[in-house]
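You will see two complexes here that share chain A, one where it goes with chain B and one where it goes with chain C.
And then the complex of A and B:
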């Protein structure tokens, strides 16, 4: 397990180095002054500019410049946003939790819906229900998310008036920012309208989360179906059946557990995919998360924000991958071998 | 196999029902939910400041003036007569040069997390508020830029000799000359009263600029928070001198896109929406009301009289004759506006019914162009405003219609548009040849249409974007202000309108209504004929027991 951990950490460090190198070079590739792209201080006076040049060691070699840039990043200083002139790290800390929250809820929905459906399809292998589930999965996977989002707003918000279409909570509720995860903040707050706020926030998250969940759910269907078919064909299932266990016992005691292990690793992989879908969805549903912020930064040519945002987002996704690897390894000792660690 | 699938069934519904019960179960508790005590208003833009003295933008006035502040006097009732507000009465001397206001003695300022007032409103607050504008050496004059556009364009500073405090609750304005629009100007949304005590406190702390960011006023709502470009939150001012407002919380949801405003309105995310689109769609919904109010305004097509070829009166007349106004009214305003005959709306008391209207006559237009020496036509640019306003809901479409009309007389039009603040700045620099803009009246006072829009002084400050300056016209406006005789004034304004008609610095196009949409559960007047909107009277009724509530409201 130690070698496994060390391998992961070294991989993480090197990947992050490459990413910072990329984001560092973006400052040179974007139009405008490099040091202003680094720091985002578009209104800097001459003396401030001199200070910045010093801080980023712009007069020294490119290696020193990179070192200085890295030091800034490691200190949590991503510069400031060219558009709003507030520190990027502060904006990210405020916005990232909203994206995480939305993605987690979407992931949960995708898993709750996708995995059981996949299992059912596998158990009913080659029967009508299998075909129906598979076709639905194919259909769901093919629908573009922006279209689905708009359609959902049209039907559920405007047409039926069931669910709100924008934001993460009604503006009436004043929820103090503690963790950034809305539901936790609501529970922590001492507002007399706590439960109203909670149900309002729940109503706000349903539409965007379901829209995001659709594509990963269809993937879960196919993965869990394949995993279950494989497990059901395994010899230990046959042995269990020969011992006279009921089908129910076989499925719940043996098949599901073993099939889940095969899926868990993909959950982590899907999370990255999910965050990408979430970014588009955030724009449609005016969700105040990092995806919407990043896309707005692109519109406003806020280079510093683009760099910082990309770095943080990729770092975040990488950490999720490593975490799922750990969980997978903890559940499945086979994975700790060389084959998976490299 | 069959046994197996059976066993799946109870788990999934169980999970779903648990989740649903979690959502629904929380909705009990308080008898009136927060949303029933609050109103969300989808507004069309962000305020520039939280002090109305500093801006004439309609968006800013709507957001802050009547919510946060009061002025000394107000316009009241259907006939728009002046009535008391912070001043319970006032007296004008016979020569019209001394105006004395007697203040109410029970007016409390807002108590917020950043300021706790220790005294009631008195004459010092009035002095403080107006001296900030008048006195260039006042500690607050230069805070936030030192520009007071409404007061500068109406020459407020030149008019006032001094302001005297007679006692704690009596204050006297002494004017250099009599001016019949002066009292009306004090009733506008710009002439609000700030807290002198708050000003002093901020000055001691060394943060005077906060007075325009964290406002303290006497109005029905107090400021809670502003998230730039996103929302403004107000809470009720519980000790408001006219009695509490009916709602506890007021939120302005700043939604620039008109489609988003419509979506939010239809999805019930806002209770009231400004400048709605898709009127027919809103009208067919039973849960929404589309309302409109005749506001004194004018949308016009202006010419830069300092630039070729519009420095020639004949060209201006020719272009004006070539515009089919009725087509514009039908297309841009959906036939829901009155065709403008002059800059003054027909609903104004000073409107002279004999004012002739510039007709639509492309043949005469063509011959006028020939006389002016442009028989071959010419190319011009036309600046169309990028935002929607009551007086011009869609300037770009209007520009295209004008382009088509002018093509018929051989004039080629290039349409230009910029982002709103850039647009206004470049216009006041005079970079344009012609432009589409409008004016919303702040008072029923007719002078409010003439002086800020077309006087020589307004052309110096850039507020008069035609840069037209006519001594005779200015003289008439001055004369009209000196007298209080309505008939006499009406005659002066009729002459002034005749000059505009002849000189044609601009072509008035339409006097339009202002629209607003709201859910049927919101009651009470919000729109007013002049100036900004007010949520003081607005309330929510519970749609479940609407009838009971209505009775309660009436008996209250």
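And then the complex of A and C:
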């Protein structure tokens, strides 16, 4: 396990270096002056500009420049937003938890719905229910997410009036910002309307989370179906059947556990996909998350914000990736060997 | 009666023909394939067959519902939008933008990806290992996110979207070609032609490519369905096709303000995207299914 951890950490550091290098080079690729793209101070005076040039070591070689940039990033200084002139790190700390909350809820929904359906399809392999589930899955990942979001608003918010269509929580509730994750903040607050706020927040999250969850859920259906078919064909299942175990015992005691392990490996990769879908969905549902903020910074040509947002978002995706790797390795001793290291 | 063939000739169909024979027998895949062909024809001939211009509006016919509605007009089969532009014509022109461009994008990245991938499959050592790691990092970033970043660098617009998506899709073609070529090079028939004195490029062209073409096609259909969704999403976000281009995602975004009074301006382009993606996915599923069956035989 120790070698495994060391390998993951070195991979993490390497990838972070590549990502910072990418965001560093974006400053040169974007239009405008490099140091202003780095810092986001568009209204800087001559003396401030000289100071910035000094801080980012613009007069030295490119390696020194990168070093200076990296120092700034490591100190949590992503520069200022060109549009609002407030520090980007502060904006990100406020917005990122909302995205984390939304995408984790969506991931949970996708797994709870997708994995059992995939198992059912695998158990009924090549029968009608298998075909129905597979066709639904294909339809599910063909639907454009923005269209689905709009239809969901039209049906559930405007037509039936069941669920709110925009935002994180009704403005009536005043929740103090502690962690940024709405549900935890509500539970921590000592407001007398705690439970009303909680149910209001859950009503707000259901619609966007379900819209995001659809495409990953269909992928989980396919993954879990393939995993289950593979497990059911394994010889230990045949041995269990030969011992005279009932079908339910085989499925619940042996097959599901082994199939689940195979699926967990793919969660990290799927998460990257899910976060992109979440970015678009945040725009539609006016969810105050980092995806909507990033897309708005593109409209406003806020290059410093684009860099910071990209860096934080891909860092977040990568951390989830590594976390699932760890969970997988903890559950499956076979994976701890060198085979899966890179 | 003239007999052209005197001897009974044994014909071995090429791997591609074998695949086509299996593919033809799956009805669902054939339906998808026909829809796919229809979309291609529509993309090419949209300017000829569309009844009205996609950008010029008829101000007497604003927000006309589709023809099956009580207030509909049969000369505007799918209704009109807020400027009196015919939805049917806009959707037809949109086929060549959303679907046609996605086809071109995928073809372009396929060609570049295959060239780089097969060259890299022939190299060994540090260059190859570096490429491998680099590809792994690039492939772990979602395609839409990367496309959004590239559009942010290049600036919004349909041509920049096309470039961005083409660049985003190249790595996955490099990856799959590399693996497929490496796998084929280990097989005995390659060794046989190498013993005949064939050069690497000759082997690649005459022996390896005919055997991996269907795997590349299967990847291409996957990439195309993603490309359609990406072009439409970027159009919807206002980063891709700009007003008044009739790109499906842009039409949908355009109808957003009148979503409640004129829902057809939103659900029709959405259905068009769904139709195109389902058709592409059906073809892809058909190819993968046929590949599996051919392997089992």
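FYI, the second predicted complex is superposed on the first by the 342 of 342 C-alpha atoms of A that agree within 3 Å, B and C clash if a C-alpha of one lies under 4 Å from a C-alpha of the other, contacts with A are read in each partner's own complex, and residues count from 1 in each chain.
In this text, contacts are C-beta pairs under 8 Å (C-beta built on N, C-alpha and C of every residue); 3 or more make two chains touch, one makes a residue touch a chain.
On a predicted model such as this, the values are computed, not experimentally measured, just so you know.
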item: Fit-or-clash call for chain B and chain C when the two complexes are aligned on chain A; value: fit
item: Contacts of A:195 with chain B and chain C, given as first, second, both or neither; value: first
item: Contacts of A:186 with chain B and chain C, given as first, second, both or neither; value: neither
item: First, second, both or neither for A:321, with chain B first and chain C second; value: second
item: First (chain B), second (chain C), both or neither touched by A:170; value: first
item: First (chain B), second (chain C), both or neither touched by A:246; value: first
item: Touching partner for A:123 - first (chain B), second (chain C), both, neither; value: first
item: First, second, both or neither for A:110, with chain B first and chain C second; value: neither
item: Partner chain(s) touched by A:158 [first = chain B, second = chain C, both, neither]; value: both
item: Chain C versus chain B - closest C-alpha approach in the superposed model, Å; value: 5
item: Set of chain A residues, in rising order, touched by both chain B and chain C; value: 158
item: Complex interface listing, chain B residues touching chain A; value: 1, 3-5, 7-8, 12, 15, 22-24, 26-30, 33-35, 38, 40, 224-225, 228, 231, 233, 249, 251, 253, 260, 263-264, 266-269
item: Sites on chain A touched by chain B in the complex; value: 84, 112, 116, 120, 123-124, 153, 157-158, 161, 163-167, 170-174, 192-193, 195-196, 198-199, 202-203, 246-248, 251-252, 286
item: Sites on chain C touched by chain A in the complex; value: 133, 136-137, 140-145, 148-149, 151-153, 156, 225, 229, 232-233, 236-239, 249, 252, 256, 259-260, 263, 266-267, 269-270, 273-274, 277-278, 281-282, 285
item: Chain A residues within the chain C interface of the complex; value: 15, 18, 26, 29-30, 138-139, 141-147, 150-151, 154, 158, 269, 272-273, 275-276, 279-280, 283, 294-295, 298-299, 303, 306, 310, 313-314, 317-318, 321, 342
